[in-house]
Structures are given as C-alpha cells and as structure tokens.
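Quick one: the structure is below, questions incoming.
Every chain is named by a letter (A, B, C and D) in the order it is written, and numbering of its residues begins at 1.
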Amino acid sequence: MNKIDVGVVGASGYGGGELLRILATHPNVNLKAAVSGTYKGKPITASFPNLAGHLPNLVFSDYGDGAEIAACDVVFLAQENGKAMLTAPHLLEAGCKVVDLSADFRFRDTATYEATYKTPHATPEWNSRAVYGLPELFAEEIKGKRIVGNPGCYVTASTLALAPLLKHNLVAPSSVIVDAKSGVSGAGRAKFSLDYHYPEINESVSAYKIAGTHRHTPEIEMALSTFGGLSDFALTFTPHLVPMTRGILATAYANLLNTSSTSELLALYREFYAGMPFMVILDEGELPATKHTLGSNRCHIGLAVDKRMNRVTVVSCIDNLVKGAAGQAVQNMNLICGFDETAGLLYAGGIAP
Amino acid sequence: MNKIDVGVVGASGYGGGELLRILATHPNVNLKAAVSGTYKGKPITASFPNLAGHLPNLVFSDYGDGAEIAACDVVFLAQENGKAMLTAPHLLEAGCKVVDLSADFRFRDTATYEATYKTPHATPEWNSRAVYGLPELFAEEIKGKRIVGNPGCYVTASTLALAPLLKHNLVAPSSVIVDAKSGVSGAGRAKFSLDYHYPEINESVSAYKIAGTHRHTPEIEMALSTFGGLSDFALTFTPHLVPMTRGILATAYANLLNTSSTSELLALYREFYAGMPFMVILDEGELPATKHTLGSNRCHIGLAVDKRMNRVTVVSCIDNLVKGAAGQAVQNMNLICGFDETAGLLYAGGIAP
Amino acid sequence: MNKIDVGVVGASGYGGGELLRILATHPNVNLKAAVSGTYKGKPITASFPNLAGHLPNLVFSDYGDGAEIAACDVVFLAQENGKAMLTAPHLLEAGCKVVDLSADFRFRDTATYEATYKTPHATPEWNSRAVYGLPELFAEEIKGKRIVGNPGCYVTASTLALAPLLKHNLVAPSSVIVDAKSGVSGAGRAKFSLDYHYPEINESVSAYKIAGTHRHTPEIEMALSTFGGLSDFALTFTPHLVPMTRGILATAYANLLNTSSTSELLALYREFYAGMPFMVILDEGELPATKHTLGSNRCHIGLAVDKRMNRVTVVSCIDNLVKGAAGQAVQNMNLICGFDETAGLLYAGGIAP
Amino acid sequence: MNKIDVGVVGASGYGGGELLRILATHPNVNLKAAVSGTYKGKPITASFPNLAGHLPNLVFSDYGDGAEIAACDVVFLAQENGKAMLTAPHLLEAGCKVVDLSADFRFRDTATYEATYKTPHATPEWNSRAVYGLPELFAEEIKGKRIVGNPGCYVTASTLALAPLLKHNLVAPSSVIVDAKSGVSGAGRAKFSLDYHYPEINESVSAYKIAGTHRHTPEIEMALSTFGGLSDFALTFTPHLVPMTRGILATAYANLLNTSSTSELLALYREFYAGMPFMVILDEGELPATKHTLGSNRCHIGLAVDKRMNRVTVVSCIDNLVKGAAGQAVQNMNLICGFDETAGLLYAGGIAP
C-alpha cells in the first residue's frame, strides 16, 4: 500500500502520545518525525514507555529549521494554543497538509478567536482557508481542505449531543445547558500545578470555570450555530473534573418546543448519524458510560425525555484523547488524504473494564 | 455530663457505620445497641475494622423482640426503605425518639411516598407526626418532634443549593435543573451487583435514572415547595456516578427573573445561612470540591451568574454519608434532644487530601 | 487470507470480553460463537458496550449440545475453574484445538492440581496431553499441541521475572519471595461480594491469602521447576489488591549466589528474552509501571542489585487480562495454529496515560 | 483546662495541614501561629478549604524574625529536610519544645544523617540531645526530651511490623525484606512534577528507589538496631506508589530461626504492644487494609507463618499523614508535655469506607 510521510509536532504531550500510538499501526502512514523540545534526541519510550516495541527507529527530534517536518505529506500540530498559527504557514507553503489540535484554526471568525484566546491571530489569511474538523457535521467541507482545526474535546462531546436537536429546530436554543465531566488528561501533560497533583484530584469532584467562562463555550456555540444555521446561539456550559484519567461525559439539557417521546428522538438521532462509523446511538433505557469509549474513536449517545418538564436530557461520551483529540485528528487526516475514514481507527473500542 | 442511651438499627451498612463512628465520641451519648441481622453476635470490628479501639464493649445484636432497642432514649433506623415504617411505631409507643435515615418518614403527603416507593405506608398516623429533618430549613419544626425523616443525600445537596433562590422568588421555578454527581457509597453496602463491582465503576463516569426517574426527584420538589411556599414546583434532576467512594457535588441551574450579580447572590446566600454552623458560603471566584467536605457535616456552596444567559449556576458539596446521612441524623438528634446542634459533629472537617 | 473459525465459551466475563476485543480484529480469525449462559440470545453489546460497532452479527449463544462450538477450529474456554475439564474432552474429540484460560489444564502432575483445587481431575488422560502455555519459556512444546493450559496472571508476571535467574542458577532457590500487586479485574466479573464492592476497594491497599496460601503459589513453583530443571522449588508468594482495574506488578526478591551487578543481570535478561516480541527489558535505572503495559500483551521488566545484601530485586509488569489471560491465550492460539506469534496482538501497547 | 500555645512552621503542606486539623480540636492546645511562606497573610482556608469553620482567627504568617513562633510552648516543624536544623536551635534556645517532622533530628549518629541526606548537619550539638519519636518503642526516652525527631512514614510502618521479631531474636536479621506500598500524599505537596501528575499515577502501580536506595532504608535500620540491640542490622526495602491519596501498607518478610506458629507470633505481638493505645493486632486469619486506618493514628498489624518456607509475613498499615507524620507528632507532643498520650487523637478511627 502507498504510504504517506507523517510528522507530529508537540509529540511528547498526551495528544501527541495518542497520535504516535494510533499512527504506529495506521496502514497508510509512515511516521517520519516526532518533534519535542523536551525530549529531543531521546527514544520515543523516554516519554512513552507504553510504546516499547513500536516505532523502533524513531527518535524525538528538534523542530530546527523545520525542513524535516516540512518534507512530510501531513503534519499534526499538537502544541499549546498560539503555537500552531506561527508554525503552520511555513508548512502549508511547503506543501504539507496540516491538522492542528490546538484552538488556532478552529474559528473562521478571527475576532471570536482573538477575544477568546486574548491574542491576535498571526495568520488570518491561512485561518480563512481552514476548516473545522468535526467530520460528523462537516465531512464534505473537510475533504477538500489542506488545513484543519481539530475540535476541542468538550466541544466534540457537546456538539454531537446537541446537533440533531438544533438542526431540526426541536428545542429552544436559549434553554440549552451542557454539564460536562472530564478526566484529568484533558488538562494536558506539560503544566504541573497543585490543581492536577494526584492527592488533590483523587477522591474529589469539582466544577471550574462555570457560568460561561470556559474557552470551549464560544467554540460549542460556533460549531452549533454554523451547523444549525442559527444566529447568536448561546448556551450555559459547565466543566467538571472527575477523578479519572480519560473520558468526557456531557449531559445536555434543552426544552422541547413540541412534544416528543424518547423513542421518537432516538429514531431521529439514529437517522441523523446513520452510516457514520464512529457514532453509536443507544437503545431506549440505555445510557453511556465513559468507560465504553475508553481508547476508541467512538461517541456513544443516549437520551430521555422528561415529560413533566417537556425537556430532553442527552448524554454523550467520548475518550477525550481519542475522539476528543488524536483519533479525530487522524479521522480528519483520512478525509483530507482520501483514505478510508476509519483507517487506523478500527481497533476494537475500549479496553474496558 | 448527662448521657442518653442510643441504639442503631441497621448498624452494619454505610449509614450505620458512620453513625457508630460519630456516636462513639459524641459527648451526650451512651451507645447501647447496634442491631445487625448479618453480624449479630460479632464485635463491631467484624464489620468496621476502622473502629478498632472504639466501642470495645459493644457487640452487634439481633433486633429480637425489640426490648433492648425500645429501652433506648433515641433510636436511629438505618435500614432499607420500607423497614422503618414497620419498626418505628413500636419504638415510638415505647417512648423512644426516632431518627429514620430511610425514605419512610420524609413525606407528609403519604400519597407521594406511596407513588414514589410503590408501597402503601404502614403507619400514616405516625407519618403525619413526623418532620422532615433538614435543619437548615426546618430547625424550628424539628425541635419539638419525636420522629424525624432524615433527608436523602442528593436532596440535601440540591435543596441547600436552591433554597435561597426559590424562597426569594429570584428564579423561574420551571427552569430549575440539578445535575448531581455522587460517590459510590450512596448505593449502599448490602446489595452487590455488577453495577457497583469495582472494575465497572473505576475510571468511568455515567448518568443513571435520568429525566426525572430518580426517587429523590419528588423529595427535592417536596422540600423546596414546602420551604418556599411554592405549589407544583418541579425540576429536572440527573444523578451521575463518579469513581470515588464519598461525596456529592450538585450543580444547579436556574434562570434569573431579574438581573443579579454574582456578588449580590453570594451576599444573599451568606445572609440566608448566617449563623448556621454547617454552612460554608465561598467567596466570589471560589468553587467547592467534594474533598473539602470529606468526613465532615458541612455543606460548601459557590455560585456564579452567567450574565449572557441571565442564568445562575450554584455548586454545592457534601459528604453523602455525613451531611447526606449519618451526620445530619445526629444533628437532628441534637435538635430533638435539646443538645447543642453541633455536639459530636465539630471535628475538623475533612481529611483532605 | 485463510481464516479459521473460533469460539469462546464463558464469553461474558472479563477474560471472555478481552478475547472478543482482541479476536474482533485478528487477521486470521472468524469469530463464530460466543457462549454465555447469562447473556444467551443477547447482542455482544449487552455485556460489552465498548464493542459497539464490532462483531455486528454475533449474538451470545447457549452452549446447548455443543455442536456449534464443536464445529469451530479453535475454542477458548474462559470459564471458572473446574468447568473446562468437563467441556474440553468433547471438543478435543470433535477435532477442535482448545486454549483453556482456567487452571484445569495447567498441571501435568494431576495430584498437584487436585490438591490445589480440591477436586478430582475429570480427564487426566487429556490433561497429560496438554501443555503449559507460557510461550516465552515453552514455545517449542506448545507448537505441536492441541490443548493448552493458559497460565494464571500472577504466575505469568512472577515466572517471567524469575526464570533467567533460576535457569542460570544465580540465586538461592529457597530465598525467593514474590510480592505481587494486582488490579481488581483479576477477581473476575461473575462473583459479587463485599470484597470487590467499589467503596471497599477504592482508596485502600490490602494483602490477602498470604504465606503460601494463594493457589497461584504451586503454579509458579511448577512453572519455574519445570523450566529450570529444579526439584522441590518453593517460594513465598504474597498477593495484594490495589485500587485499579487492570495490571499486575510483581516484585521478586532472591539472594545472589555470587556477586553480580545490575548491568550484568540486565544483559543476561536481555539475552535470555532476545527475539521474544512481547518482552521488554528496561535500561539500568528504569523501572516499569503497570500503566506501561495497559491493554497490551507485553511484559516489562526492570531490576537492580542491592549490593549490601547481595540480593536482587526484579520488577515485572503485565496487563492481567491481556498477557495475564486473553492476550496470552491468543498468543498460544497463534502458536498451535502456525500463525505469526504476534498476529492480532501488535496494536500499540497501552493507552497510557 | 490549661492550654499551651502551639505553632506550626511549614503549615501549608500535607503534614502541616494534618497538624492544623488535629490541633484544631486538641483539648490542651491553643493554636497560635501557622507559618507558611507561600500563603502568608491568607486565611487557613486558602490552603485548606476543608478547615472552613475551624481556626477562624488564624491567618498564615511569615516566619519573620521568629519572635511569634519562639513565644510558643511547642513548635512543630513540618518543612522539607534541611530546614529544621537551621530553625530549631533558635527556638530551643528561646525555650520552646520542638517536634520536627523532617529527617533532621532522627539520627543520633550524625554521620549517617549526613551520608543519607548528602548535607552536613548544622547543629550536631542539638541533634545529640534529640530523641527518635517512635513512642511505641521509645516512650520513656521521649518523655524527658525537648527536641523530637518524628519518624518517617515508611519507617513507622516497617519498624512497628518488625520490632517484636527482632527484639526477641526470632528471625535471621539478614533475611529481612520490607515491600511497602504508599499513597501519593507521601510525596508531599510542594513539588510538582510529572511523577505525581494525576494521569501518570492513576490506574498504575510502580516501584521506585529499589534495592536499598530509598532514604528511609538507613532510618529503618537505625530504629530497629537501636531498639533491638543489634549491630549492623541491614535490610532490603522497596517502596511502591499506588493510586490512592493516603495510607501505607508494609509487607515484611523474615526467616524464622526456630519453628513458630501464626498464633504464637500473634500472641507475642499482642503482649509486646499491650496497653499501647494506637496498636491493633488482628486475629489469626485477619489482615489489615490501609482503609482501616484512614484518618486515624492507629497501626494495624496482621501476620502469618509460611510453614513450608519457615518464614513469617507481617503486614502493617498506617495512615502516612497521621501515624506516619502529624498524628505521631502530636502523640510526641503529648508525651513531652505530660498530656495523656492519646489527647486529641482519639476520634473514631478512619472514615472508611
């Protein structure tokens, strides 16, 4: 099979590590470079002992003048926010396709990006040519593109939970609330602080950045507005930290405009996501758990109507590092390169329990 | 100091074990009987090795003809739902005061109890003389009573989060949503099932009994309706299981009827709960974590207004086995016996981290 | 590629679930039957929601008269101890190859089996034709066999840690101690008890069946005696439960007969396990963590010499459900069927962190 | 009751926080000063939200010129190693009694301290007047002293497990191995690193500093040599990190010199620790779990003889932050101040589960 050369920049973080894990066995990929300032010159196992036996010839490299990376067909950027917009132009001009896991290329409206991330966008011209990489909603737009802004983890879970309802105008937009619970790997690997020190997190649940202050709030609004053709859609979004490493469970609430039953809405979801290989709509009475998606690129969704309140509760689950980051990035690569959308992503989902 | 004789029925479960732990050092209590069918005749440490060195002369006993228990001044009933309504009449007639940790004496409206728990109430006459034991809202009513229905754990966290808002008519009642996250000890100790088997729970978050189907939903509605003078108050309540042993975090959402700021609402909460020894209202910008209340009888509350949505998010935390069960039961005993409300409950809160 | 028909009996437990997960993407396997008394007639996702999207046409079946299973080329038996010896003869006579994950076919010395498992062996004649399926030590013996006794999880970790030392007579056999720590999935999925109830296990470490009373003790002794050509080898083995789902870490101690350095012993291990695709010997100064092997079929080993005591400490890690159960069983299937030893097992190791 | 003034230096770490929690309700203590460079000027709840409602008038203070602290009757030093030996002389000269939780005053043999901690001792003259604060072994020596070196957490668990055997010459000293498992709070609160980042620790067990390289090794040897009257006692000690916040379980192995039964040894332990309020010797067949000692100052011990190997396995458990640090420090204060040994430490042990 014809293989493409692929590079990963920011390869020693959690997103980077998952990219290496997935790409190591991707049938269309020759993993050629893994850039990490921290680990340059060291073997992959220095950062990821779990990859012992894989990628035996790969060593973390420095970005240097970018020539090694620029020679790749596809480059994944898995750095902190604000870095990719500096790196990507060079790579794109050199002919690379780029999938960026940061927030830098998620917003076509540069002003929203700048207001949210408190920094001017370094390359609005390339940003305008990027696409938002949520394949279940935007697959056709993604296919022709060379630069993809890979969605945030909370955004992926929240948007997939709500898209069918908003697209079909079944709920009052202003009533939408998402209460999300995330494992701690979502906080990344590079920054240590008391906040993520094991004894502080363990055996505790907490909310943070409540009442619309989390930066994924405008991204959820952008994704759902764009897809649903809504103007000024806004919601209340609350993130929580739970004592586990991986997984996001998003519990979404919305007031129904008309009367619907649980089974009608499930049928609608099933039709909406028909043929999409990573979407699992559960049967009535079933609800997802993050463990069911552990290590897989799938999103599981269950829902029920609270008839007394004429309100629907939708529960969606993903692995924040896979469908919420590296797996979805590979899915996007598959789309922009013309591979099978599921290539490299069809290992049996989850290693639960 | 004058001590009263106290008995615990259902003493080998989690609620019972916490009662024994707290009562072991309560200055007004002589713990005289601990009834457990499973452990009868065995030392307390057979069920609670953590109590080694305490209660050295106490042995689990059988309920028998009830004479030993009926000789106590106060009896805690910590059995499954449906048992206390059979046991309590005998004890009350013998002159005991009773604090029941089950649902049996929580609803003055017997019909709601019967609809929720799918069983006729065995003693509506005693039920009508009981009081709902949430001291922060009903202390005066509790003081004169002989039979107390101790609130559910989710109900305690949810009701304390919302009472100031509803009492002051600051929010639209029909907009209220509570998204609650609980540790696994809330499921009890006696029933084993795959649901609570360690490998199934660990490293996973899940929702269950969504869309108003959890039995604590009508209890929250009853508590807030009674206290707030509302008729037909109803809400959407969603319980979740998180991988930890103890703690409940309730995230409550409500649409504000007028414009309020975070600091105004915090001031209101502070005034509302002024002088109540177990209530902690956090400063603006601070949010609670369940770990902060671990092992204590306190409830911590933080909140913020989402100005864009004109919606408030309130976050409350308790230890489900203490303020959500045994600690609150002792607080109720203190009130009905005329002890200091904090007697036996003022150990330094939490053993966090 | 030519595919064989495979069946799994006891398919709804943890070992069975891992077999389904691994076999679902095995290139040489057509998974034809999954037998579960509990789940018969239900889809695979009824027991394993994580397998949604895989094995879409497979439904749990009843064993019935065994005809469906007996038509398979290879059958995995993943039942409780004592069942396989009743089932296997029928399957073997029907021409199936059998890999048994229970203890039934691990001991060629039937008396040791019977003493350890307190039950007569139902089919000593088939037992005598079985082989102990630890491929790193017995690959050549395994290749020709039709019935394999797949090793215990503790035994795999312990034996791989010690085999080089004992084979080369470097340590005093009577000085050997293994102190092992296991995740809770090792206790299985079918039996619920207070012992594995989430709140009891979480945030606690405990030892159990100490001082040689765990049934894996004679199995470790058998494996190392057989391989090392030792007579009457015996050790002290201590199992511990730690609050995690998967993984075994075995810390082995032995007194050196002569002076050796850490680097010399690491070189010996490296040579001993050279070319074995699932063995990873760490560099001097590195030590394994169970997370590094999570979800993979690999065994990681590190060691150091305590020069003051002239004693070596060897630390080995595996995933108890993969290399300690289902993965090793597939490795054995690969060997007895003439497939590549790594077929279906070369996904990138671990999904850590 | 007459109360003494007490100060804590290093009050915002885990040891310091536990001191505050315990001292807040100690009947003989007026907690006068809590020194923390990081939190100076902030309320106690800034670092310990769990202490809300306690110590309402206490604010973290700077050490400044030491006058505030030097005015206390007793000072607890809960800083990193190397700090107390600089601070203590000033306090001792000012008339304070000092309990130091670091390693600085644990070794009478200054050379061992200096070799172990790679730093010269700043005040060997005060060190020679200090006492090793393990009350179960050295209560009489502690009573007259003004400066106490509070033992290490691993050392407390290991030494209490082995002291009866070595004192009575029942085991071969050179055969002793301790395999210890610790929660993560033992690593402290101040230093953040990838090592204790939640996603790295969670769902994993690992060994570290094996083969005698952990600094608690010489301390265990010193404690047992001193107590047992042994010369040149040395052992193999292996620490492990397990995914929990608190607790140490030490599994100790030793070869018996003569034949002994489990019940004989348990009787010996029971006699050895008779009358000591924090020691719990379990019945034959029972084994401890760290959860049983969670939040308490107790040490639980169980044991069994492996008759085949003529070797005893002893398992001991403590809460590393209580009996392994702050609780034992308060126990030492009680002894040097002539209070009841259990004052402030007799809350019901554990909040398990």
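Basically, contacts are C-beta pairs under 8 Å (C-beta built on N, C-alpha and C of every residue); 3 or more make two chains touch, one makes a residue touch a chain.
Given the structure is predicted, the values throughout are model-derived calculations rather than measurements.
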{"item": "Interface with more contacting C-beta pairs, comparing C-D to B-D", "value": "C-D"}
{"item": "Most remote chain, CA-based centroid, reference being chain C", "value": "B"}
{"item": "Whole-Å gap between the CA centroids of chain A and chain D", "value": "45"}
{"item": "Centre distance in Å when chain B and chain D are each reduced to the mean of their C-alpha atoms", "value": "36"}
{"item": "Mean-CA-position distance for chain D and chain C (Å)", "value": "39"}
{"item": "Two or more partner chains touched - positions in chain B", "value": "14, 183, 185, 189, 199, 202-203, 243-246, 288-289, 291-292, 294, 352-353"}
{"item": "Interface residues, chain A side, partner chain D - complex", "value": "14, 183-185, 189, 192-194, 196-199, 201-203, 243-246"}
{"item": "Chain A residues within the chain B interface of the complex", "value": "174-175, 177, 179, 181, 183, 199-200, 202-208, 210-213, 234-236, 238, 240, 242-247, 249, 251, 253, 262, 287-292, 294, 302, 304-309, 311-313, 315, 352-353"}
{"item": "Chain A residues within the chain C interface of the complex", "value": "14, 17-18, 20-22, 24-25, 48-54, 185, 189, 202-203, 245-246, 277-278, 280, 282, 286, 288-289, 291-296, 298, 300, 346-353"}
